[in-house]
Structure formats: C-alpha cells, structure tokens
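Below: one structure, written as structure tokens.
By letter and in written order, the chains are A, B, C, D, E and F; residue numbering begins at 1 in each of them.
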Amino acid sequence: MKRISLAHGEGGELTERLITEVFVKAFGNEAHAAYDAAVLESAGSTLAITTDSFVVKPLFFPGGNIGTLAVTGTINDLAVSGAVPLAMTAGFILEEGFPLSDLKAIVSAMASEAEKAGVAIVAGDTKVVAKGEADGVFINTAGIGQVYGGNGGKIREGDKVIVSGTVGDHGIAILSARNELGLLSDVKSDCASLHPMLSNITYGLSGVRIMRDPTRGGLATALVEICEHHRVTVELEEGAVPLKREVEGACDILGFDPLYLANEGKALFVADEKDAEQILERLHREEKGKDARIIGRVTEAVSAGRLLMRTAAGSTRRLHRLSGLILPRIC
Amino acid sequence: MDVMNFYTDPAVIRSSVEKVKNAARDFRNQHQRVPVIMEVCGSHTMAFARSGIKTALKDDVNLIAGPGCPVCVTDQKAIDAMIGLAGKQDTILCTFGDMMRVPGSRRSLVDARTEGKDVRVVYSPVDSVTIAERNPEKEVVFLGIGFETTIPLLAMAVRKAERLNLKNYSVWMTTKLVEPVLRTLLDSGEAEVDGFLLPGHVSVVSGEKSYRFLTAEYGLPGVITGFEPVQLLSGTYKLVRMLREGKHAVVNDYRSVVGQSGNQIAQSLMTTYFTFSDEEWRGMGAIPASGLVLKEAYAAFDAKRRFNVTVPPQRKTACRCGEIIKGRIAPEDCALFGKGCTPVNPVGPCMVSTEGTCAAHYQYMREE
Amino acid sequence: MCIGVPAEVMEISGEEARVNVMGAGMTAGIVFVPEVKVGDFVLLHAGQAMAVIDRTYAEESIAEWRRVLDGRDEFLY
Amino acid sequence: MKRISLAHGEGGELTERLITEVFVKAFGNEAHAAYDAAVLESAGSTLAITTDSFVVKPLFFPGGNIGTLAVTGTINDLAVSGAVPLAMTAGFILEEGFPLSDLKAIVSAMASEAEKAGVAIVAGDTKVVAKGEADGVFINTAGIGQVYGGNGGKIREGDKVIVSGTVGDHGIAILSARNELGLLSDVKSDCASLHPMLSNITYGLSGVRIMRDPTRGGLATALVEICEHHRVTVELEEGAVPLKREVEGACDILGFDPLYLANEGKALFVADEKDAEQILERLHREEKGKDARIIGRVTEAVSAGRLLMRTAAGSTRRLHRLSGLILPRIC
Amino acid sequence: MDVMNFYTDPAVIRSSVEKVKNAARDFRNQHQRVPVIMEVCGSHTMAFARSGIKTALKDDVNLIAGPGCPVCVTDQKAIDAMIGLAGKQDTILCTFGDMMRVPGSRRSLVDARTEGKDVRVVYSPVDSVTIAERNPEKEVVFLGIGFETTIPLLAMAVRKAERLNLKNYSVWMTTKLVEPVLRTLLDSGEAEVDGFLLPGHVSVVSGEKSYRFLTAEYGLPGVITGFEPVQLLSGTYKLVRMLREGKHAVVNDYRSVVGQSGNQIAQSLMTTYFTFSDEEWRGMGAIPASGLVLKEAYAAFDAKRRFNVTVPPQRKTACRCGEIIKGRIAPEDCALFGKGCTPVNPVGPCMVSTEGTCAAHYQYMREE
Amino acid sequence: MCIGVPAEVMEISGEEARVNVMGAGMTAGIVFVPEVKVGDFVLLHAGQAMAVIDRTYAEESIAEWRRVLDGRDEFLY
C-alpha cells in the first residue's frame, strides 16, 4: 500500500490498518482509538472549544505542512482565548491515490507539533473520496481547552495594540511555494504553536483585554473585527507594523497589502498601557516574540467601531475587512 | 533602493505636505480658489488616497481623478463581451486580477468561475502564453486591457506565442491611449482643470515629448510624476508653483526612468504588432484612433477575429463612472457610493478596479 | 497608469533576468532594456523591466527636493 | 450571491456575511461566533470527545442530508459512549460554485437536528476550495459530552447482543439515491440522533457492557471490533438480524451483505441477560426502537475475539471486518 | 416469491441436512469412503460456504469446487492485459466489481484507479454502453469476462452499441464455456469426482441437454441445481442418491427456470455476434474452442482488435489457484492461504473474486 | 457461475421492464423472455431477465422435496 484507495475509507479492514499503522502510531492514542469517543478528565469547569478545517495548497511549504498548521491553528485559537489546550480531534479527508508517504509526513508533523505543545490528539476520523473529489488531503481539527485567563476588563482609551512579530510571512511563504505568480522567496511560514508562550506572557497581568491570532484576512481584518465587536476605535501608526524585507518586496511586486496577509504564528494583544510595556518586554525575551511591537492604540473606547491608520502625511484613513479575494492587480 | 527611503520618510513627507500647502495657499490668495489638478493615472489616484496625501491636502488642492483606470474607461459593452468569452467551451480565459470582479451587465468573471468556467488570474501577459503552451487542447485567451504601459507587454505576449508557433493563443484587445482621451476631454470643455499630473509609467514608454501638445495646443502645464509619497508631493508642488507663476511647461519630475523619447524598443514592438483603432470609452463614446489592435498579419492571435461573442443589451444602472473618469464628479456625488455600490457588491468598474476612483475613495477615504 | 517597482538585477540570461525586490525575487523579461547590467535597478512592471533606473537622476531629484524643503527652490521648468 | 465563491473563504467581508447570514442565523450562536473559541461551562469533569467528517454523496437523500448526518453522527458517537452531548463544532469545506440555497438547506437541517437533541453548535469554520478540488460540501463535526454512564462491567458469557432496529437502511438509501447501479427503492436513511433515547433506555441499568453505533462497515464490522477489543466470542443467529424487505431485495440484486451496510440511527448493545430484556422492552416502546431484537449472545468471555454466525444449517461461520470496498459482484 | 421462504426456512434446511447426511452415510457404508462431488459453479461454491452447508456436511460429503469462477479461470496473462488497458489515455474501463481487486503481475484495477485511471464498476454490461454514449470523446472498453450466463449480456451490450452506432465502444472478450473445460478436466484424469452439481444459471441459457455428454461419454451423473440452501441440499441429495444407486443420469432439479434446450434467444444472439475461440485457462493451458469472441463483422466492437496492450512477463508466485480450479487441492493446502494471501492482499484471483474458492473459504470457513 | 434473483415484473415497456425484488426495484431488459407478462417472476441477472420462473415447476419441486423429507422420496431420474 503506497497510495490511499477508496477502501481505506470504508470502515473495514483497510481503515483499521490505516488507523493502526499511521494514526495510532504517530499520535499514540491507542486507548482512545477503539471507541466512538475519547474520554478524558478535566480539572476546571470552564471550557474553550474551537475548530478549523485546513485546505492549504501546497500541502508542504517552507516552515511546515498542512499538518503543522492543523495543529498549531487550533492550539492558537485556544491559546488566544486564554485557555490551556487539553485535547484535540483530527478529521482527515483523503483523495483516492494520495501518497501514503505524504500522509505519514503530515501525521508525523502533527504528532510532533502536538507533543511540543503538550496537547493530546485523542479522537480522529478518516474519509476517502474518489480521485478529483478532493485535493490531496483536507484536515479538520477541533480542540478543547480549559480557560485559565482572568477577565482583562473592558477596552479603554489609551490601551495599546501589540503584535508579536512580523506580519504576512505565512501568506508570502504559501504564495511562493504555490509557484503560480512567479514569486521567488525564502520566506518561511511562521506557523507555530503560541501555547505555552501566551500563558507565560500574560501571567499575572490584569490588563490584557483581548488576544487574537490574525490568520486569514490578516492583521487588518482581525483588528477590524475587534473594533466592531467591542465598538472602539483603534489607530495604527503607518510603518509601525513589523514586516520582513522580503515580505514587503513581494507585496510591492504583486500589489498586496501585508496587513491582509495570513499569519499562523502571531498574536495580537490589546492591553492597558502599563501591561503593554510588560507584554512587550516579555515577548522580546522569547524567540517567537523578538520582533514584537506596539503598533497602535485605542483612541475611542466608545465608537461605531473603526480601525484607522495614521499616515505619514499626518492624516488618518480607515481600514476595512479584506473585501474579496487577494488578487494581483492589473499592472 | 536606498533612494526609496527618502521618498517614504515620514519626516520628509510631512514637511513636503507643508510645502505644497503653502504653495497652494499662495495660489488661493492669488485666485480666490484652490488649484484644480487632474491626476491622469489611476495608480496616482490610488497612491494619493492610500498615502493619506489626498486627505492631507484636501482643503488646499482639489485633486481630481482622470480617465486613468484602464478597466473603468472601458465601455460596458466591451466589458460584457469579455465576460461573455468566459462562457466559451474548452477555453481558458486569462486576465489581470483587476477584471475579476468588474460587474458585467449580467455577471462578473468571478461569477463565471464560480459557475465552473476556467478563468485564471495571471501576473504577467506572458504567463498566459505559457498556459497556452501547456494546454494545447484548449483555447487560451488573454484579456488585453491597458494603456501604453501595458500594451508593450501584450506585444511581448504575442511575440512569444508567435515564436512558439501556438495555434491556441489569442488576445482580446481593448487597449486605450492617453493622448486621444486627453484631447477629447479638453476639446469637450468638460475638464475644468488648471493642470495635469502626468502618468509616470506611461511616460516611461511614450516619453516626455509626447505631452508637448498640452502646452503647445491647450496652454496647460503638466508634471510627469512618480508614485511614492514624496514624489507625489514634489510633482504636485511643481505644478502648483507653475500655476502660481502662470507658467505652462511640461516638467519631467521622474527623470530617473522617463526619457525625452520614451522606450524605443517598446514603441517599435507596438508598431510591429499593432495598428490604431477607434475605441469606445465609457461615458465618452467612440474616440478615433484612441486604441491599438492587432495588425492583419497577426489576425491569428486576435481573439476578436477568432471568436464571436454576442452581447445582449447592457443593463442600465445609476452608476456614474462615466462622469467620474472625466473628472466631472467625485465618488461621493454618486447616490450609490457606499450604499448600493461597495467593493463586495460593485455596480460600476470604478468600485472594483485597483485603480478605480470609487475604490480608492471607498477603501481609503471613507470615514463611514 | 500602472505601478512599477524598482528591482535589482541579480543575474542575466538571454532575454530574462532574475530580479530582486527587497529579497523577493522574480524572473523578469529584459527585452525593453537590452543595455541592462547586473547590479542595475530596473522598473519592474508585470514581469517586464520597462526602464533602467538612472541613479544619477534619482539622486539629483532627491538633492533638488531637499533644497526645496530647505526653502532654496531654484529648479527650472 | 447565489453561489459560493472563493472569496467566501478568504476570511474577509464575504466570509463575515456568510457566517452572519447563514451560520449564525441557523445555529443561533452569535455570542460565540466572534471569537477564536467558544467558551462553555461543564458540570462534570469526565468528558467524551469525538469527531467525524462527512463526505456523503449525494448530499441530499431520502431521510436526510449531509447536514443531518453530520449532527446525528457525532451525537450518536457521544450517546453510545454514555455521554450527554454538551456542544458541537462544525467545519465546512465548500467547493467554489456550490449553491447557497443548498448550503442553507443543509445548515438548517443541522440546526433543527441539533435543537431536537438539545445540543448547541458553538464553534464553526468555513473554507472554500476551487471548483474541482472538493465535491460540493464536506462537513466535519466534533462533539464533547459529559459522561454520565456508570461502568457496566466486563462482558460475560451469556451476555446478549441487541440491535435497536433494521440494519442497512442508510446504505441502501444512499445507494438508491446515488442512482449509479440502477437501484430503485423507497428506503429512507435511518439517520437520527440516538440521544436522549439511549440515556432513557439505559437509565438505572448496571449491566450494559457496551454500546456502539454500527455506521461505516456495518453491524458485522462493529461487532468484530467489539469482539477483538474485548477478546470475547459473540455468536449471532442467522436470520435474527432485523431487515427491511426492500433492503433485503436490494442486497439480493446487487450481491451485498446487509451486515456490512452502513447505519446512521441504530445502536448495538452488549448487556447482561437480565438487562437485555429490559432494554428490549424499553426500546420497543420507542419509535426508533420498535424493530429492536436480540440477535446473538456472548459464548466465550475469554477468547481470541471472534464473531460467529450460527447458520440455519446448524454450523457456525466466522464473520470478519469488511474487507475492501463494497462492489457489486460480477454476476 | 413465496416459494423462497421454503428454500430458506431453517427447519427445512436442518432436516434437509440430515437427509443428505443419511444418504451420504449409506454411500460411505457402501464404498468405505465419502462421495466426492464437484460443484462446477463458483456461485455454488460461495452459497455452500456462506450458508454453512459445506461445513455442516464436511464429514459426510466431500464437496470440491470446480472451474466455475470466471475471473479465477482466466489466465494471468489475460488478466494482466486487461489491467494494462486501464493505462490507455482517454479510456474509461468498465468492469464487473469482481475484477477490481484481482492481482495482476504488477497491480490491480484498484491500483490503476488509485493512480488516477478511469476505471468504473457497472452492474450490467449494458450500463457500459450508456457510459460510452455519454462520453463520446473517450474510448469505453468493457471487460467481457464470464461463462454462458454472462455471454448473452455481452451480446446485448454489443447489440445496443451497434444500434446506437457508437464508434467509441468495445468489449475485451475473455469468455469461457463450460462443456470444453469439463471435458478437458475429465480427459486429463485429474478430476477424481463421483458426480457434478451443475451450474443452475449457465443451464438457464444452455439447457438441460447440454450436459448429455457427461452421462453418454463419461458415465457420470449430474444434477442441475439452484442456489438457495434447500436447493443446494436437494441437488446434493439427488446426486448422492444416484451415486448410492449407481445411476448416472443428468437430473434437472431446477426446472422452474431451466428447460430442455435453454434460452433460444440468448443462444441465437450469441451465435449472431460471437464465434468460437481457443482460450487459455489458468493452470490448464489453451483449450480449443473453449470461449467466444466477436465475429469479424463486429470487429469495430472488439477491443482486442482496436487496442494493443503489451504485457510484460508474468510475475511468478506460489499461488495455487490453477490447482484449486481443477479441484486438485483445497485453499487450506496452499501455503499462502490466510498468511501471505488475504482478501486485502490477495496473491491469486481465487482470493478476491466473489466466486473464488479461496475467498469463500477465507470469508466463511476460516476459524482462525 | 453467477447468481440470479427472482424478481416480479411490475410494468413492461418495449424491451424493458420494471422489476421488483422484495420492494427494491430495477429496470431490466426482457429481450431474452419476450413471453413475459406483468405479474410473472423472472430470473434477474445483471440487468437482464434470463428466464420466466415457472411457478408450477417451482411448486412441484417444493412438494416433491416435502415428500422426500417426509421419507416418501419417489422422484425419478
């Protein structure tokens, strides 16, 4: 068996083998795999729950693969929600003919990423669809975590916005790896688990209003969502958002705005002024936070909910959600 | 490039803004009104909006956008024809990203894709030739929209297809030229402008001297301008200074790339493959010899000759793009702006092209 | 219309060159700029180099604009 | 917007609209939708976790649609694990061009199925892939539940095996709806949520050893798995397994064995003799359990783990996991 | 049908089993050995195993499987050629489900599918004609395997393709006939059997009288038998009774569907489209006139004439299917059975065809 | 080789009939059994009716086998 066949998804002998030889072997969840559901004990009573499906193309890219993303993506959603990830589930949809060696590489990346973050993958599922009815492999992960974070209180005027590092790395890494628009770059995806870094960084701080991971839609979309949901105005400083040189160059060539490119290992914080300095300092001590910066501040604690950019020309302009697809401009 | 740092340096930008404002105030003191400047190029429109300079100058300089967005100036019928091409069987339609969400009378290219048509965005026209090479059993058509900056690239694509002896590649030409539309605009008396910021990259191809008619025949000044914040401000300053001083020269403020006669190779490639055509412009009707099409000898690469697209009658909308590209109104003057018409649900091309004036205003200048 | 970006020429091979914008690369056509040399900056537009950027002029422009900002605007038109 | 476009999956304005207008509207989970993870309180500390992806074709079939399945499938995995479902997540992978009206129908089926079972869909995700890279829509659900069930003890010799109703209905319903092999039948899928029926039925009983939902791979595969994992021998009585006439007819025509066909609303019980009678009685009082039967018994409590069938001829034969795809036989 | 209830009634089955056992014990008392009966038909093999009757009778009747699984009797080279067809560009290969997992020397049709080839399972050969109709740009080839039961259906498929005037449809014929193989088996002296259970559904087509040679030339009895448990037992009983009484008639115990002369229409359709061919049998070599191929006049529908498949040398394995189909050994005598060879990793066709003897034993008779 | 199933003929149209096996339907070819009538049972094999099932014979067989089981086996061969 070198490739996945439809029979691997029928629930019979081949499914059993795939589970035993690939998934259980990597995830070490034998005790759970035999049952309809995994059972685990949780100490606290407040749970965080999240899910994401991963359909990234190409499946392998500089800095990781779809499996890395599937694990870090869900861990990060729990981590920015102030939760300690307890357990994850993983659902695979495989296209008939998918190379088994690729599947193993993906699953092993998931296992090592989960181990690094101290999270168990306790339940899984595999479906196989006919050739041409999927694109290699899609992965869904769902995670539950135990909420530890205290409430950081309402967002106030003067609160700072911090990003934990350079933005757009994942977006440009994928675009380069996709090899469609002729872009050549060495940018690596930033995909990484933010847990337990985030719990260390926010430890003991009472003024962390909100954390987010600015994935699809990028930094701008994540901040617009924060502004709208909390009905506050945030003003970013043009040029303050940390950017890798190559990411800036790639955006210049293709006409993309890096604020709308996906990140997979960055956190966004809104925190009161005092805690912001503390967060920044703590971030700078971590490898994943060394490029962290304060990129803006809350200018109105009660508003219609707007994200503004203070331009170098001195004026402000409003930033909106990503609208439509990111497409290279005409010329 | 190190010089770029200067052009985007916040401190330089701020003092440049002040410099322009001061010059403009002098003009206002002189004329009891603000100077009216048309930026001909859609990328200038975008750059002014995005950099915040337009907002910063808004009380002192009236910057109005001209017919410089290639998608926006294209007649609706031509847009519908291009979208109609997506319906052809066994055809791969290649386009710049800009065209994807442009509303046709019935649907957009995104809609066509969504319905299963093979529509692909390419970065460069030459990439579409590669697609044709790799898909010999399909017809590959590139949507050839653009001004002088882009036309040489279309020539390059045809040249490559010719060399590869491809039988399945063609370009649907709806190109536009700058000089004829500026003349039409000025002749109509509709453009009440004091001077022009002239398109930097068109000028790379056509050269400084291609604007002599402005001063010689219309007595209007112009500055060939780059696209970085300080370049925008420098160009605007020089134009306002000329206005203040009553001069009407064509100043080349982008000499690092724009020469006296432009790019000779680009011009000669254009002459090799293309010939003049009368083109329909949105809101302006047909302008004689205002575009380029493939010569008879290259009919094999001419999608218009190879494919027949029947275009049903255009949908009538309240879109005022036609007036916007002539600089007659600002997007905010359109009743649909930001209401019935948004980038997600655009009514006119100006709202979705990355160089569209309504898009620039919606994205970067709308406070609401 | 249409924006171009300054790109450094890293390597030339026939009608194409490998160019670089702040570390991000691309293969660009150089048919329009046959005079181009490695180390030059070109104006990159949709995969073609449209002009070699003349550094002397670029630096002159900057110097000139500095003078303007310093209140010494003596440029000619 | 009548069809899904790629932009619906980019995380920007269209994604937001899709979430607000379709998902939040149906699932009523507004409070959760704005965050990276949903937060909920759980009373107990023993949790059951499960996941499944759904790739059924056709998407709509007599008795339900992919959405119904996605909800009942996960609820049933929790229910047979002796858990009260607390919350679910739902991840959608949509193919560019998918009709919005179909999506709405699917989502509304999910909402009503979840409501019936008293389960909240608290977190979700939507991805869109290009035309031809998926097949309409794939759905992943993950569920967590609170385990209430006491331990029913080890399987013993003499324990009974009960199935809650006719088998193979879902398999034949799908096959007919697929319209590929020319089969015409009115068989409806049995897809249904088994919660809270199962908790009522097992209430107060101490001898319920195990429950399973025999989905992919059918009754036989589920029982083989039980036998192997618990190292017991189970003997089924030929002819005792309840079957709808049309299901039997369809199997005769195509050469399928109904014991290997999928079920989506059936439960399998292994219980001690006394409780088995009680379970059967309680099942018979329920609409979904009216065809329940005792179909076999545990003949060895310590064995290599074998499922046997006592044939009408008086001999026994061994049943195995489904091996390979279910394909119509040559002739 | 109500009569079916009788044939599957557990009480009837149990007393029938006793009846057969008693008759067989009489035979044993007479001959000091159990009677040896060959069921010629693979579906009989399956039905005996699945119903538990084979196990129930195992001490009293030696039921051995004959050359009755159409896939299993097919020579490895022919199997490889069929799988090789899947590699052709722009071809849709249609087959009965049985062929899918049959191991070729290099791969199976499932492997070919997994690698992206278009291989489809159909319920009926006629369905493959419909596929050809709907895919005019593709070549559609049906793998025509089978005995007399299936051959008329292949004729029906060709007839339909002919009427629809299809140019893209063909059948790869590797059919087999019952009489020649039984004769070869008996002539070789390899089949040490007392009598035959004759294939019920082949008989529907070829008729009772097609077995006269058995009694007339070989002096052996046979019973034409149905497939339900009680029918299997009734047929076996009658055969054992004949053996006990030293009779050697051909008894038609399936008269509800098998007539004296078989189905005339089916026979005439076969004569219309097909002609005799020498066929290679697994483990037996070429048997003259032991199969049917398309006549010259229908060459257009003959995949073997239309496509060229080069078949590399066959892989040598320790598979003993060749002996199994001759009734020489039982699956358990093969060293690979259940170890190197399982339905998931089959070495020979007998392990995967739904009528394969090894498959029947593995699925229904293996205790391990 | 090859199993067939008894199917009831529900409706005839040209060379095809709608047949029914315990409530599960299928369209079957009836070229081989032109004499078939609605209400007949046929032997269905891979989409074609191969024979009309003769009920008299079927019942006779059963009666005969009942006699055998009762120890009265008087059949002839």
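Here is the rule we go by: a contact is a pair of C-beta atoms (placed from the backbone, for glycine too) under 8 Å apart; a residue touches a chain by one contact, two chains touch by 3 or more.
Keep in mind that what you see is a predicted model, and the values were worked out from it rather than measured.
Trainee: What chains, if any, are shared contacts of subunit D and subunit F?
Mentor: E
Trainee: Taking each chain's centre as the mean of its CA atoms, which one is farthest from the centre of subunit E?
Mentor: C
Trainee: Across all chain pairs, which one has the most C-beta contacts?
Mentor: Here the largest contact count links A-D.
Trainee: Same residues or different residues: which describes how subunit A and subunit D meet, taking over half shared numbers as same?
Mentor: At the contact between subunit A and subunit D, which are copies of one sequence, the residues are largely the same (over half shared).
Trainee: From the C-alpha centres, identify the chain that is farthest from subunit B.
Mentor: F
Trainee: Using mean C-alpha positions as chain centres, tell me how far subunit B is from subunit C in Å, no decimals.
Mentor: Inter-chain centre distance comes to 21 Å.
Trainee: Any idea how many Å lie between the Cα centroids of subunit A and subunit F?
Mentor: About 64 Å separates the centre of subunit A from that of subunit F.
Trainee: For subunit B versus subunit D, what separation do you get between their C-alpha means, in angstrom?
Mentor: Computed value for the inter-centroid distance: 57 Å.
Trainee: In subunit F, which residues are in touch with two or more of the other chains?
Mentor: Expected reply: 1-3, 45-47.
Trainee: Two or more other chains touching the same residue: where does that happen in subunit D?
Mentor: Only 6-7, 13-14, 182, 255, 320, 323-325, 329-331 qualify.
Trainee: Could you list the positions in subunit B whose residues touch two or more of the other chains?
Mentor: 70, 96, 110, 123-124, 127, 146, 149-150, 153, 343-344, 355
Trainee: So which chains end up touching which?
Mentor: The complete list of chain pairs in contact reads A-B, A-C, A-D, A-E, B-C, B-D, D-E, D-F, E-F.
Trainee: Quick one: which bits of subunit C touch subunit A in the complex? Just the residue numbers, please.
Mentor: Touch residues, subunit C against subunit A: 1-3, 5, 7, 18, 20-27, 44-47.
Trainee: Using the touch rule from the top, collect the residues of subunit F that touch subunit E in their complex.
Mentor: Residue positions touching the partner: 1-4, 6, 8, 29, 31-34, 41, 43, 45-48, 50-55, 57-62, 65, 68-69, 73, 75, 77.
Trainee: With touch defined as at the start, can you tell me which subunit B residues reach subunit D in the complex?
Mentor: 110-111, 113-116, 343-344
Trainee: Which residues of subunit A touch subunit E in the complex?
Mentor: Interface residues on subunit A, with respect to subunit E: 3-7, 13-14, 17, 96-97, 131.
Trainee: Considering only the defined contacts, which subunit E positions touch subunit F in the complex?
Mentor: Within the complex, subunit E touches subunit F at residues 1, 3-4, 6, 12, 15-16, 19, 41-43, 47, 68-70, 96, 123-127, 146-147, 149-150, 152-153, 156, 199, 201-202, 204-205, 227, 230, 234, 237-238, 241-242, 247, 249, 251, 253, 255-259, 263, 265-266, 269, 355.
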